[in-house]
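In what follows, chain A forms one complex with chain B and a second complex with chain C.
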Partner chain A sequence: MNLIPDVEVHRPKSLEEALKHMEAPGAKPLAGGTDLIIDLREGACEARNLVDLTKVKELDYIREFGGRIRIGAMTHHTDLVASDLIRTKAQVLSEAANLVGSIQIRNLGTVGGNICNASPGADTATPLLALGAEATISSSGGVRVIPLGEFFAGPKRTSLNPGELLTELSFPTPPAGSGGAFQKLGRRKGCTLSLINIAAYVELDGDTCSEVRVAVGACAPTPVRITDVEEMLKGKKIDEAVIGEVSSACYGLVQPSQRAHSRASEEYRREMSCVLMRRALTTALERARGNK
Partner chain B sequence: MKVSFQLNGKDIEVEAPGNRALLDLLRDDLGVKSVKKGCENGECGACTVLLDGAPVTSCLVLAPQVEGRAVTTIDGLVDDPFMVKLRQAFLEDGAIQCGFCTPGVLISSYALLKGNPKPTADEVKKAIEGNLCRCTGYVAIIKAILHASERI
Partner chain C sequence: MEYDKILEDLLGRKEFLIVGKSIIRTDALDKALGRAKYTSDYIQPGTVVVKEVYSTHPHALIKRLDTSAALEIPGVLAVYTGADVPGENQIGYAMPDQPFLCDEKVHFIGDPIAIVCAEDEYAAQEARDAVVVEYDPLPANFTIDETLAKDAIHIHEGGNIALTSRIRKGDVEKGFSEAKVEVEGTYETPYQDHAYIEPDVAYAFPEGAGKVTVIGAMQSPFLVREKVAGVLGWNLNQVRVIQALTGGAFGGKDDTGPLVSAKAAMAAVKLGRPAALVYDRFEVTAYTPKRFPSRIHLRTGVDKDGMLTATKVDIKLDCGAYANRAPYWLWRQTVHATGPYEVPNVHVDGTAVYTNKVFGGSYRGFGNLAVHFAVDSHMDRLANELGMDPVELRLRNVLTVGKRTASNQLLDHSVGIEECIRGVAEASDWAEIRKPRRKGNKVRGVGIGTAHHGISTSRGAPDWSAASVILNEDGSFTYRTSICELGQGTPIGHAKIVAEIVGAKMEAFHIEIPDTDTMANARPTHGSRGLALGGTAAADAALKLREQMVNTAATLFECEKDRIDLRNSMASCKDDPSKKMAFKELAHEMYVRGANPAAYGFFTPPRRFFDPETGLGVSYPAYTFAATVCEVEVDLETGQVEILKIWPAMDVGKAIDPLLIDGQIHGAISHGIGIALMESIRLDAGEVINPNLTDYVIPSSMDTPEVAESILVEKPYRHSAFGAKGVGEPAIISIVPAISNAIYHATGVSFNTIPITAERLHAALRRGGQ
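For the complex of A and B:
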């Protein structure tokens, strides 16, 4: 087995201290390590300075404030799953977090790490896109907030500049009449990577779909919203028949990798995007109807 | 760098380079051989230990990250009533064949029963989804964990 290369590990106790360490050349944040340590072993990533965020407790929180649900970047998947706030207000995220890796991985891995690793199939990325999330990015120079969609720059690439840290993910608190659902297809049920995943979020005004966001993972270089599907639903009466029609349009709207060595064929992912979209939207609609 | 942490209830301080995985620190520097090295990818679960009471794969933790925290292996749970019950059930139900996965499976099962003493079969399956066993086909393991829970 490969060895982890020599690396210096810094252990800041505050965000301020962490941001200072992030200014060092070749500095990389170490959150849960469940992707980073594997990448280091395999030589897929180089880092001379690791900034271990384990002790930066101020980045570990889930709270509702100013009409938004705010999640610190160092929040573990296990804590997302256990959170009553997330389960009751943002079930789509709760469901997705519960399907990341295994218990061991969910105890180590963080939502910020999952987003920064920027895998096209990252399980927490699609629900956060569907919830309309924004990313808060901090550096010694200040703070900026961008839509999550702009955070992803390509497979395993983000729009973070050197010295910057993702510190928070937040989204508007979903109102009454809203519902969301997550669908994941892997090679097996447990401890598996997404061949494709889909998150859907709808808001109802009577029978009318007043707001809708859907996102797909592992079907493009980054996790992405499918705005064409959203436009077909927004402002329209929505029911199971409409969902069936709209979902079959996914076939031509997703852009899965054509690489021969990817985990599933392009054709299969296109077919399954329709199936998962139908399931996700159907469940989201059911939940929205039940959410008085 | 110096790392101070609690191992199986005892405070220790060790010198560990930044690139040392907790798994290697435990096995090679501290002689805790019950923690097995399998995939080093976080997939097989043979290296599972408790970190502050929660099961984690020790191959994906760097030694400096355990500063000030508590690491527990099956060696620290020898006389723990939950572990005694689990061990007994594993032996009776034939849940151990080659034994390589057993310490990790026991840690995951222990964490499950501590938080949920009366799990359903589905909850047991979810709790051990991160532990691969290539001998038993899991049936005997699931049965043993349920048996142990009946005795708690």
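For the complex of A and C:
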């Protein structure tokens, strides 16, 4: 492993200042650094200017406003886990954040960093996709909001343009009758990368599934929604038997890596997508039923 | 002296004051508060940065080596190659097959070719990348079969077989003819990285023209001294080696200590400046020695009564590029090849082969992990075939006093494996938890594993230990040993032994860090010998000092020597309570009266021997035994294994400190779970493809199960201090088959390779388990 290359570090105190620095050539935002520093040392990415966002406090918040839950990009995983709002209204995200890395990683790492790192298995990406999240992107030129699904452009690649920063992730406040759940399979129990993870979110109207979103991680070049599964459930009566049936369809719907030295084989990931989908949907349904 | 008699005969006490009791480690607070000093804490600003140029080819001739561009880089001080080595450019441990810096040929990706020295890290890194090495690539052998093929290219002169070993005991064919049931299987174990928390490091500084001091992470300061002196072409007394507190080693730093230290020392001597070599995680994981992979073919016969009749074993050891510890590793596997069971007819052939991969080296369990995984897996398969309980089958065959090992060594005392097996079976309520338990997609199982592990060096190599203790003028004590503190606390065990014998309080002790200039060679901290041998040298010193203390006290108190009591740092006369004196005063009197206040201890265990033709003989002075029961829960849908609970037992001879033993047992459990379920260095064409802790996965605290109270069986070894035997290795040996047998019990799938990852178990269940 190499040393961190020669790089200029900027430490803005406001978003406005940060956005100015982001216009410098080869600028990259530094949030928790838990992925970026390793990538820099391994030569996996290049940066001439690092814009350290740790002092930009205006990007560190969790709040509910205008029927949406809004999370600043510099919110640490630890704070997501500790948030009563997230735990009670968006348990799927709380569960996932609690399984990111180790305590130390969760203290340093941020949700914005996790999303911008754009790992196909990013643990907060699938719950945010399942919650129907949008990404707020800022630059000196203005602000744009896109569905989170459009934010990911490939493994470790985003659709951010030069000079742009991800500043907020937001999603509609889940209503009564909704429930979500997160399932993750790693190579060990603690401090583990996802071989595959799945987030499920359902809204019930009586026995009928009025809304459903499911997302899978580490089974495609980016974290993705499995809309085929969603369509099989939406507007239908939902129970454990139905869940069992639709979950087994995942086998053919996911596209795991076929690389020789992948962390898990394509076959295993396909099979596990069915198991984890069933478990996530079953728990989500249970929670939705209890969420009166 | 037979130390098990020390209590009554010498100390005149009914019970020990310090030995056998758990204490708070003398170094606990410093380590908890981050005040303890490790090697990197000694490195001063202005130190020369040393980095290595590594081979990028698994097998190649070096056509051209050009350092000129590297030397042009500002801040670069020197680039040294094999031609610059002042002494011997050879650093093989057991065999002279390993160049210190490769100058003609490279044998694996990561072979060192040159060292660069620079004023700072950036210049050193740039220089490392600027050294031009032109290779003439050769075909490479990556597997045991490739390297043993008739037309395989030779990796070293003399061929691809590093060495062989054998045992011929009884008549195996006759034994198999008496068997009712036979099982046969091939068991493979992978490279395992030590994953110690502190990467390898050495800091060297010259002192005058003919002296260099090295501070480093290591397990054998005197081996480091020997190798550094060899590379420099100096006498041993021109090299001073200090072992700083070391952040984990597990065998690995026994091998890396000399390699890293010699490079730092060569730079420091040639440049006349302090120099340091500090590895990063990539170098540690990709290029330093690993647990030797092995492939063991086992055929075992058992008669209708469940008595083992014959064992035939073929061991293929994959050395990687250099033999390093292979002669000792293979020999240890050979003489332990039956596990802790008596088998009348034994036939073992061992072959250690070279391949073009990172080389193997010392590692906790030293060959016995692979052997016991094979043997104990077989015991469960045999029990299954016979319809017998696995514990019952083990108890019928287990080694007891009067029985003989695979090498025909008669065990005449200190054999506690039967008590270990009975202990864990009872504690776990074996008969009850062996009943099938399935709930939904989760199924539970329990398994047992065992271990026996010889104390001291292998192949009958001479072994000894040394120690010294000084009673200072104020009644405090200074204890010196070159047995290293690696986290395990062995020197604290020594100090407890000394404190018990001289009747001192533990607080009165200061344990010096090993320094080859101020002590005699206590030999390495390996082979589970640090306590059993090192502690006995400590006892020898303590007994000599005690005699001086007793003599002085008897003179002062005007009473007989056998009426003197030494305890809690006080001397007193048993007959007259008014006659008493603190050690502070006693020490003063000793200095004034000319009673020697310092003592040097030395110990060598009874010699061992073996017949090279048959392998038979006395292999080790004593054996530590262990048994472990493990309960698992298997997720039949995902293949994930959760270790629910572990019941450990060990025959430790005598527990000097039960808490320190717990530390070793609990650590070994995690360590063993690692190799049983997840750890494996993966290679592609000789290149390590998971050279980091992201993809070389080791257990986290959340993967650590509940561990029942350790059952400590005490069958003292006659010749060691208080009868203590080493405890660092056996627990990792017995945990691995305990886990695999528990999985076998739960699922019906008997694995013959590890790690048993979720994906592998899932695939096996799909193929034909449940």
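Points worth noting:
Keep in mind that, in the parts below, the second predicted complex is superposed on the first by the 291 of 292 C-alpha atoms of A that agree within 3 Å, B and C clash if a C-alpha of one lies under 4 Å from a C-alpha of the other, contacts with A are read in each partner's own complex, and residues count from 1 in each chain.
As a convention for this text, contacts are C-beta pairs under 8 Å (C-beta built on N, C-alpha and C of every residue); 3 or more make two chains touch, one makes a residue touch a chain.
Computed from a predicted model, the values in this text were never measured in an experiment.
Following the overlay on chain A, a clash is recorded for the pair chain B and chain C.
Contacts of A:P25 after superposition: neither chain B nor chain C is touched.
By the document's definition of touching, of the two partners only chain B reaches A:R11; chain C does not. In the superposition on chain A, contact of A:E271 is made with chain C only, not with chain B.
When both complexes are overlaid on chain A, the residue A:L193 reaches chain C alone and has no touch with chain B. By the touch criterion defined above, A:G206 lies against neither chain B nor chain C after alignment on the C-alpha atoms of chain A. In the superposed pair of complexes, A:G67 makes contact with neither chain B nor chain C. Of the two partner chains, neither chain B nor chain C is touched by A:G290.
Comparing chain C and chain B on the residues of chain A they touch gives the larger count to B.
When the shared chain is aligned, chain B and chain C each come close enough to touch A:L3. Under the contact criterion defined above, the residues of chain A that touch both chain B in one complex and chain C in the other are 1, 3, 6, 102, 189-191. Those residues of chain A lying in contact with chain C across their complex are 1-3, 6, 102, 185, 187-193, 260-261, 263-265, 268, 271-272, 275. Chain A makes touch with chain B in their complex at residues 1, 3-9, 11, 30, 32-34, 37-38, 40-41, 50, 52, 54-55, 78, 101-105, 107-108, 189-191. Considering their complex, residues 1, 17-21, 37, 40-43, 45, 48, 51, 54-57, 59-62, 64-65, 67-68, 108, 111, 125-127, 129-131 of chain B touch chain A. On the side of chain C, the complex with chain A involves touching residues 121-122, 125, 280-282, 637-638, 640, 642, 678, 682, 684, 689, 692, 694-695, 697-703, 757-759, 762-763.
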